[in-house]
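Handing you this structure, nothing more for now.
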Amino acid sequence: MRPEVIRPSGREADTPREVRLTRGYTRHAEGSVLVEFGDTKVLCNASVETGVPRWLRGKNQGWVTAEYGMLPRATHSRSGREATRGKQGGRTLEIQRLIGRSLRAAVNLKKLGEFTITVDCDVIQADGGTRTAAITGGCVALVDAIRYLQREKKIKGDPLIQLVNSISVGIYKGVPVVDLDYPEDSQADTDMNVVMTESGELIEVQGTAEAGTFNRTELNAMLDLAEQTGKALTQHQRESLEIRS
Amino acid sequence: MRPEVIRPSGREADTPREVRLTRGYTRHAEGSVLVEFGDTKVLCNASVETGVPRWLRGKNQGWVTAEYGMLPRATHSRSGREATRGKQGGRTLEIQRLIGRSLRAAVNLKKLGEFTITVDCDVIQADGGTRTAAITGGCVALVDAIRYLQREKKIKGDPLIQLVNSISVGIYKGVPVVDLDYPEDSQADTDMNVVMTESGELIEVQGTAEAGTFNRTELNAMLDLAEQTGKALTQHQRESLEIRS
Amino acid sequence: MRPEVIRPSGREADTPREVRLTRGYTRHAEGSVLVEFGDTKVLCNASVETGVPRWLRGKNQGWVTAEYGMLPRATHSRSGREATRGKQGGRTLEIQRLIGRSLRAAVNLKKLGEFTITVDCDVIQADGGTRTAAITGGCVALVDAIRYLQREKKIKGDPLIQLVNSISVGIYKGVPVVDLDYPEDSQADTDMNVVMTESGELIEVQGTAEAGTFNRTELNAMLDLAEQTGKALTQHQRESLEIRS
Amino acid sequence: MRPEVIRPSGREADTPREVRLTRGYTRHAEGSVLVEFGDTKVLCNASVETGVPRWLRGKNQGWVTAEYGMLPRATHSRSGREATRGKQGGRTLEIQRLIGRSLRAAVNLKKLGEFTITVDCDVIQADGGTRTAAITGGCVALVDAIRYLQREKKIKGDPLIQLVNSISVGIYKGVPVVDLDYPEDSQADTDMNVVMTESGELIEVQGTAEAGTFNRTELNAMLDLAEQTGKALTQHQRESLEIRS
Amino acid sequence: MRPEVIRPSGREADTPREVRLTRGYTRHAEGSVLVEFGDTKVLCNASVETGVPRWLRGKNQGWVTAEYGMLPRATHSRSGREATRGKQGGRTLEIQRLIGRSLRAAVNLKKLGEFTITVDCDVIQADGGTRTAAITGGCVALVDAIRYLQREKKIKGDPLIQLVNSISVGIYKGVPVVDLDYPEDSQADTDMNVVMTESGELIEVQGTAEAGTFNRTELNAMLDLAEQTGKALTQHQRESLEIRS
Amino acid sequence: MRPEVIRPSGREADTPREVRLTRGYTRHAEGSVLVEFGDTKVLCNASVETGVPRWLRGKNQGWVTAEYGMLPRATHSRSGREATRGKQGGRTLEIQRLIGRSLRAAVNLKKLGEFTITVDCDVIQADGGTRTAAITGGCVALVDAIRYLQREKKIKGDPLIQLVNSISVGIYKGVPVVDLDYPEDSQADTDMNVVMTESGELIEVQGTAEAGTFNRTELNAMLDLAEQTGKALTQHQRESLEIRS
């Protein structure tokens, strides 16, 4: 039995926000998914381009990468546009590197052939957990881009290894909780993002003590929560993609 | 009687696309409007900030400005992210300067007081006419931001002078047409963007011969079309804002 | 009969400033023209380079483009050097895009062959109307560059379609006036730049209400003034280039 | 009993490289430490400056931050200088954000007073684990900077909460190993950086599956290794700083 | 007796090019001088601004600085615009630092009061020796800016210490020559720029062996040539400024 | 007999600081030398790369270039990192251009073949004379890189023409002195950097009057000092490289 905690969101410690995955959200991208984790809304557009980056040429494989951005007023107060400031900030670069690494874990690049899939994750509205939503929704967009390549007979075989999802967990007022929204995240003692496969294996674990420290017991409790929610996320992804178990 | 023309869109020469204005599209911005001109979708977020740019300080007036961006896959093929390239392109800067000038025509800056309203216009999906949609929708978001200032008793009086709208017109295969979508725009001989007040006065006229030239007769025919459509846009704005005539 | 107005310049409403076109102003450029509209002085250097930009390769055509700059103390008070600030401003980019588009209207790019002509327009002294002077003088430099290509037998045939000129018009204290200098421009209600061919057809019309709005009658009065002055500019260009009518 | 593995370094799975901490390595910085983890050499200079960043002014507290850089030929083949390329790369920004967060966990910013301590971590020679060496050595430089402030009577009391150290662990050919050098790191299946306090509490855990995935058992085995090595690192730090247990 | 040399320019070894100094070349700058060393033409505009850079505030002194630029087609083939490339090149920065240092040697900054004089040196046409022309002409523009301050009663007393001039010398085909034009400069074995006061004292000596080396004898021969030409340059400056000896 | 002067360093006017050249300082670079002129410490890493810059391709020759940087706290107070500011400053660019030119004087580029040697000079600790130390130490690193190419049989023959060294001289309180440290340099009236070959020929002379001016007599006295010290520097280089005279 979990200890009781009054989360600002009113949710139970182990209850994530409602998840919505809307495929075909825009019409140009080969995969276009609006992912919502409660009030966090991220548009994930997967674009297929022929060819690979220079350093991969002639290696007979494809590439999957991601870019991340936030509309200036996705947040409570307006933040300057990165295009205006002339560079992407450290947080942005860190997040898009994480998304790219995570999505590559879903794909056999050899089987992808010499195509590059870029998954643009743009935050329309932010309320905590934008990177985990982006990975979860970006994976669905990625699958649609792969299906496009198959449908158009540009590749044979299936480069998809597994679905990938992500969720945030944390220690809020001493209690492990899942899927923190912005008010929870900004007061949490520890914040951890976990990226998992559909079978619950770990791809990435990034835990940070925002105040004080955390111990192994807390770490394990957070991972338990992540694992349990990951199963639900996989279920959402499969339903959205109409994959029969 | 207008000459006949087979527009790729199948529309009559003087028929604009369906316009939709969705207020309150995101929850943080003081004004947040999704504007749709057919398949062109632009999110216009108006943000209120206390204070004015340095060069206006102590002049006892406010400021209205705009920024414009396009999601990388808003277009048919993916274009690089401006934040990654490290600067906004010439087209972007030109468009956001136009939007800012146009929206300032709607506002009495003296009555606005020392507040800055920034209208971010981000193109979610592009199909021609993004700048005209941005001005038309941005004006509605601007009004919502002004209403916020009034509701919060931050300003007295009404800084709104008039609603402002915009539409594109052009010469397509020799015939003046209104509200060009992307296939039409890319084949048009002349392309013109017109910004008007709700009473049909002109704020900005930008006409460009893409191939060949145009004459005064064609210019006047295009302006007639713009004027007529401007009335309809004003009507859309007023209904959306629940303004009684 | 035009209404009376006391212009700061003392000129009649329909009287442009004295125009001077000095060819061969510097010795390296294939076309080098100092254009003066009164105290506005712009050096237009047209440079011929073999080859075309990447996106035009193999299309069997040439390219004409323009760049615009202003010496730091071309203006009343010194403005920072764009090279020092690390980027060209929005106004600069907007102007050089306009000049490039306008000059391309003068040339049949297919007949130009795989050459690029870059017209650098650098403002030595500014007193309003720098972009219109740049287009008018840049066109003369462009013709000299084309003549260079012909003289050197690098191209056959004549890629020149027509001369192109430009003039500013505006509404100053309620009266339509032509060729505004800086004091006039900064107080004008409406400012419009018109680009025309030698036969008076329109290439570009950019009218902006700086204060208030303008109507169709005013627009037409301004265009009448532009048309009339355009004829004189064409005459100046032809004389300078020693073209017999 | 650990499974056997032939590490390229010839080390046992649980044996870290030799650690050396040289204080007073350069003479200008308030704290200057060369940290060596085997062939990885990082110069950590802690600089004290009066005042805090703008967003902390008037909050009656100090600030600790870090910057990270790599000499162009610290690595096996030369990589371009970030100053020449005009920006810090994503990896650099990610690492310096991690170092900064980690070092702030060592300090009570309220007790630091309105001083900023910047810890510059510059990699002289790289052989894997540069960020963990930087945190471990940077903490010693940070303590020297704090001692300087105390010695100069600029602050009263002791803002140091605890020493902080960091080590990398990973799964190499299926076996959990500690302190991976470059050849090991580039072939590891999973790579994890752990930041700990001197009492073994966790500050940051960043685990990434480079190939495939990892499970909870492997995660725990890696954390056991990190914990055990962390004790030794603390001992090195205390000896270097002449702190009696 | 000098050895004979056939200079591409046809000039004697000790004969500089014709020097022209045109004051009042543009009308906005407080000092505006077009300096010509033969075909090298540099526009030197001295701008007076109230106040000094941040790091000089409260020190009760003024500042003199310089910026240098080259129009894209000042040279034989077009070079990219630095504003477009996003930064000033190393050569540009090196030259403008030299000009600034040299011109500061002409001025008593204490007597200048809290004004900044920026001398913009923009090369209209280049044929070797642009930096020496810029210093020589920039000094005249600087004097005009000082006279403006005196005339406007903004300063009392005379901050001018002495006139400053500059000339290039070199070893061309084994023979010391003065004032190298571009064809000579590009084939010279050694190139040296000398900055002197009106009494012939040295302010800056920058000699570079472009091919091979040079010895003390050659250095002294070059300095003799520079000294002799410096006297003539001073005479030109004094005549231009109507200073009676 | 030299006049007496009390140098802050306590050294005689003609006594340079102790010089140390440590080869093989880091292990990856083909040439890696730590050069110390007293407390000035510069790490010079020479990297060999196959190929030459674009503008040298097909010319059957090699290239030698240099880059210069300073660790943020190499100096008395911390200076911002150039990678963070987004560009190399003018001083940095000027110095690295000087180092590159100087080192190219040591090498027959034709005999080097199509290889590029980049010498990175990074200042670990600064106390005046960093550029002269960089040239002197960089030359030794360059020789090691050339020896690497010979040892690996990548080139035949010896591209080394001569060793190159550099020293600073100046006028301190009216007296010519050699090898100024930072306190001396910041108070010197004149500062001059001299680059010489091992036989004492001049490659580069850069003398600047920091306050007032200097005359030919002082220039010659400084050059005498430089020449004399250059011989000692050559001796250090030869011993370090184990070259028998």
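Which chain is which? They are A, B, C, D, E and F, in the order written, and residues in each are numbered from 1.
Criterion: contacts are C-beta pairs under 8 Å (C-beta built on N, C-alpha and C of every residue); 3 or more make two chains touch, one makes a residue touch a chain.
In this text the structure is predicted, and so the values were computed from the model without any measurement.
With contact taken as defined at the outset, chain B and chain D are each touched by A.
Chains touching both chain A and chain D: none.
Seen from the C-alpha centroid of chain D, the farthest chain centroid is that of C. Residues touching across the chain D and chain F pair largely coincide in numbering: over half of the numbers involved belong to both copies. Taking each chain's centre as the average of its CA atoms, chain D and chain E sit 51 Å apart.
Here the CA centre of chain B is 60 Å from the CA centre of chain F. For chain D, the set of residues that touch two or more other chains comprises 86-87.
All chains join into a single ring; listed from chain B onward through chain C, they run B, C, E, F, D, A.
By the touch rule above, chain D contacts chain F in their complex via residues 26-29, 32, 39, 41, 43, 45, 47, 49, 67, 69, 71-78, 81-84, 86-88, 92, 118, 120, 122, 124-125.
The touching residues of chain F, when paired with chain E in their complex, are 87, 89-91, 93-94, 96-97, 101, 105, 192, 197, 201-209, 212-216, 219-220, 223.
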